[in-house]
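Each chain gets a letter, A, B and C, in the order it is written, and its residues are counted from 1.
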Amino acid sequence: MNHATPAQRAELSALRRGRFRRRRGTLALLAAGLLVGVLVTLALGQSYTPLSTVARVLVGVDVPGASFTVGELRLPRAVACLLAGACFGLGGVAFQTLLRNPLASPDIIGISSGASAGAVFAIVALAWSGPAVALVAVAAGLGVALLIYLLSWRDGVTGARLILIGIGLAAMLQSVTAYLLMQAPSWSLQEALRWITGSVNGVRLTQALPLSLALALLGGLLLSRRADLDALRLGDELAAGLGVRLGVTRIVVVLASVGLVAFATAVTGPIAFVAFLSGPIAARISGQSGSLLLPAALVGALLVLASDYAGQFLLPARYPVGIVTGVLGAPYLVYLIVRDNQRKGAL
Amino acid sequence: MQGFSPTPRARPSNAAPARPSVHRRYLARRLTGAALLITLLLGAAALSVALGARSVGWAEIHAALTGQVQSVGDAAVASRLPRTLLALLAGAALGVAGGVMQGLTRNPLADPGLLGVNAGAALAVVIGIAWFNLQTSLGFIMSALTGASLSAVAVYVIASLGRGGATPLRLALAGAAITAALTSLTTAIILPRGDISGLVQSWLVGGVGGATYDQITPVVPFLAVGFIVSVACARKLNLLALGDDTAAGLGENVALARGMSALGAVLLCGATTAVCGPIGFVGLVVPHACRLLVGTDYRWLLPFSALGGAILLLLADVAGRLAAHPAELDAGIVTAFIGAPVFIWIVRRRKVGAL
Amino acid sequence: MNASSLQAEALTAGYGERRVLDNASVDIAPGQLTAIVGANACGKSTLLRVLSRLIAPASGRVLLDGSAIDGMAARKLARRIGFLPQSPMAPEGISVLELVSRGRHPHQGLFRRWSAADEAAVADALAATGLLALAERAVDELSGGQRQRVWIAMALAQQTNVLLLDEPTTFLDINHQIEVLDLLTELNHTRGTTVVMVLHELNLAARYADTLIAMAGGRVYAAGTPETVLTEATVREVFGLESRVIEDPVTGKPMMIPLGRHGGVGSATRSS
């Protein structure tokens, strides 16, 4: 049987190094895009704040006027966008990889709706606030994930059944949310929209702390599993043949990604389609080399940041971020259905 | 749809003499079912008039029914009358529309709410109000019908593009996508308009509360035409259920059959949405329940679905009034609660390949 | 590389209530190329899955070089037994190099990154399957035969002593079937890898395998050299088919010709 010659090996190594470089380049590009995005959102809102002033506010200097607009209004918003976007992106791509179906993202199969309903229940019915709300949201998200899994179990779980059952549950949970919102003492449209389509209006910096902890812990957990997730893209049997422990990996990935999505939902509401879109966009940008987790997290953050900025300043009226991503995401979902029809139809 | 076969047919070897009795047994069963449903309907309507946030006595109900409104109780009952009528009409319309859509798409998960038709109607009405200063009920109905038919066609075309045709999964996904996009657009149009922002609520969840005769009257002609067209299509739907090729082979003009039945369904759910807002799952649940009762023949199934839909929406409305006492729960929320488990049940009992 | 032996002792396994393997025992000698044959639903794929520990048996055990596999760590086992399912799905757009590199998964830990040994294993696997020139191509652009070679290359990169394959030739044209079987034979001869595969095509199995295992009703009906296993009696019992077995004029191995209900061409064969 042939062995590769040293020259052929060197060629392959060069090929691989090239791919690594391209991948690192893509990541750097995305990160740079994020940085620029953050700077733009910090400096340019209703009024322009020079970058030097922004920098002074960031290091804690009290600048009259700018300390409020940048420090109180723009910074919390940008931070919430980044963190929530990264959480949605990571959670979404992990689910899509685990179930090998781009449609099986937590926002389409009802997990975000569950977390949102949980958060609204805690706020409206229990009159809770702060971290307790996040915990209820996480519990509700996990509960819905478990329910979907149990309901779609019949001699194993198949993607199609799981997605359909998720859609059915999502419809029910959305009406729970709508009902709870109507029970709220004062019907506030902005607040309602947060829980229906997602919004970062009025977000505070203190809310970012639990979110960044969740991102660090659960995101780190997912990243430590990225080789297993990569192997899972080849199918359960092959992955098992390659030494992936299916049961443990599934549980870890589901818990971590549901947690990410639910924590983010507790702060910003279920920002439509970000979890669904980030993975496929990341795959398109970064090619197939290596894990999609990091690129998807960056894409998610960029998507939320840019959509929120567009919703605030680039459109004729001010819209919450979820409206913008909702209008953006639906055509992509349609494209996915149509493209899948034209191929074999693996849905 | 194949899953729902009527009761196992006895097949004796000497089939000829046995047949009339089988037929008679079928007929008897259906007539019993019809009698049962009509009784239930009357009961549900009575409950809808008698029960509510304010508890009333027989005297007040009698007074309201005979048109002598004097006390607050009388007035409460009197206001329940148009509401009951609307729930009856809308439920019947949604039940029939769901049955027609399931036959037309040969898809057990078809439902005006799930397929984005309600969202389309809502968006069109909001556009009419926001940009064209729409005020008349006729205007509402016309724009709701336009939106309903456009989104129905869009969802169906998206789901059936390419090979394989419109599977239940694709239809449901296309419906979810279109609904999400249209809902976002609807909200985007309403949001900057402080003057109409109260509408968001009514277009998110549908219900029959607060209905007046003035609202109901204009939709009646549309509903009537919708019912007639749909029932006239029953025989065509029976043939379409066998597949397009077989239907054509049996002498049916498939395109015409589809067009006509789609028209009937869109008229029914568009007009309903124009008055009630989006009410999901009635169109999904009712035809399935009725199939268990009368089998798959659309000539029976559609009238039964009308009865069943009316009963379901009446009861949902009554339950909504009682559950959240003294507030009220919109009927659309109650139907989602009844409907989603049924949806999941339908998904679970089908084989994977059929999804 | 050393060859490994694989033994299954009295395996019983199934899915839910349904029992598919019923007290099946096999003994696969090191360095052999073994083909499992049998009618549909006779348990041959299930046997392969139990051998690779994808399914835990209800009773019985599998021994790799004499020690039971059920307690082994997942990655450790994956460094010794490779498994290729029937029609694996490649992620959209993945390149040949990358897919083959995935075969190194069991050799990498949480902190051990890509090493020279990994690179060498992948390069050798690509060279052995003649895929070096295609390394950068996307797998879904390749022909069916090439794609199957990519999967085998991935299994080669895994560098296991045992390779289990579930119908590696299904959906392939006859020329690609031969290509794949030639490749597996080569691998078996030069590396000494123990190869066990489920094959549909009886004559190809008899031609390429050192050992045939014929299964029926969840049990091993016969096992041994092709000459002892592929007989008219076995075909009758295992497939319920009347046949004639003759000597393959090219290889001298047994070759089965089905008779069917009409006894082949005419009455001449029947009367002889």
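Quick notes
Just so we're on the same page, a contact is a pair of C-beta atoms (placed from the backbone, for glycine too) under 8 Å apart; a residue touches a chain by one contact, two chains touch by 3 or more.
For reference, the UniProt names are A, B = Iron ABC transporter permease; C = ABC transporter ATP-binding protein.
From a predicted model like this one, the values you see are computed outputs, not experimental measurements.
Each chain gets a centre from its C-alpha atoms; the one nearest the centre of all protein C-alpha atoms is A. Looking at A-B and A-C side by side, the one with more C-beta contacts is A-B. Per-chain Cα centroids separate subunit B (Iron ABC transporter permease) from subunit C by 55 Å. Averaging C-alpha coordinates per chain places the centre of subunit A (Iron ABC transporter permease) 36 Å away from that of subunit B (Iron ABC transporter permease).
The mean-CA centres of subunit A (Iron ABC transporter permease) and subunit C are about 41 angstrom from one another, to the nearest whole unit. Those residues of subunit A (Iron ABC transporter permease) lying in contact with subunit B (Iron ABC transporter permease) across their complex are 103, 108, 151-152, 154, 158, 160-161, 163-165, 167-172, 174-176, 178-179, 182-183, 187, 189, 192-193, 196-197, 272-273, 316-319, 322-323, 326-327, 329-331, 333-334, 337-338, 340-342, 345, 347. Residues of subunit B (Iron ABC transporter permease) that touch subunit A (Iron ABC transporter permease) in their complex: 109, 113-114, 158-164, 167-170, 172-174, 176-178, 180-181, 183-185, 187-188, 191-192, 197, 200-201, 204-205, 280-281, 324, 327, 329-330, 332-333, 336-337, 339-341, 343-344, 347-348, 352, 355.
By the touch criterion stated above, subunit C contacts subunit A (Iron ABC transporter permease) in their complex at residues 15-16, 49, 52-54, 74-79, 81-85, 88-95, 97-99, 101-103, 105-106, 108, 110, 114, 119-120, 122-124, 126-128, 130, 132, 135-136, 158, 186-187, 189-191.
Within the complex formed with subunit C, the residues of subunit A (Iron ABC transporter permease) that make contact are 1-5, 8-9, 12-13, 15-16, 19, 100, 155, 224, 227-228, 230-231, 233-235, 237-238, 240-245, 283, 287-289.
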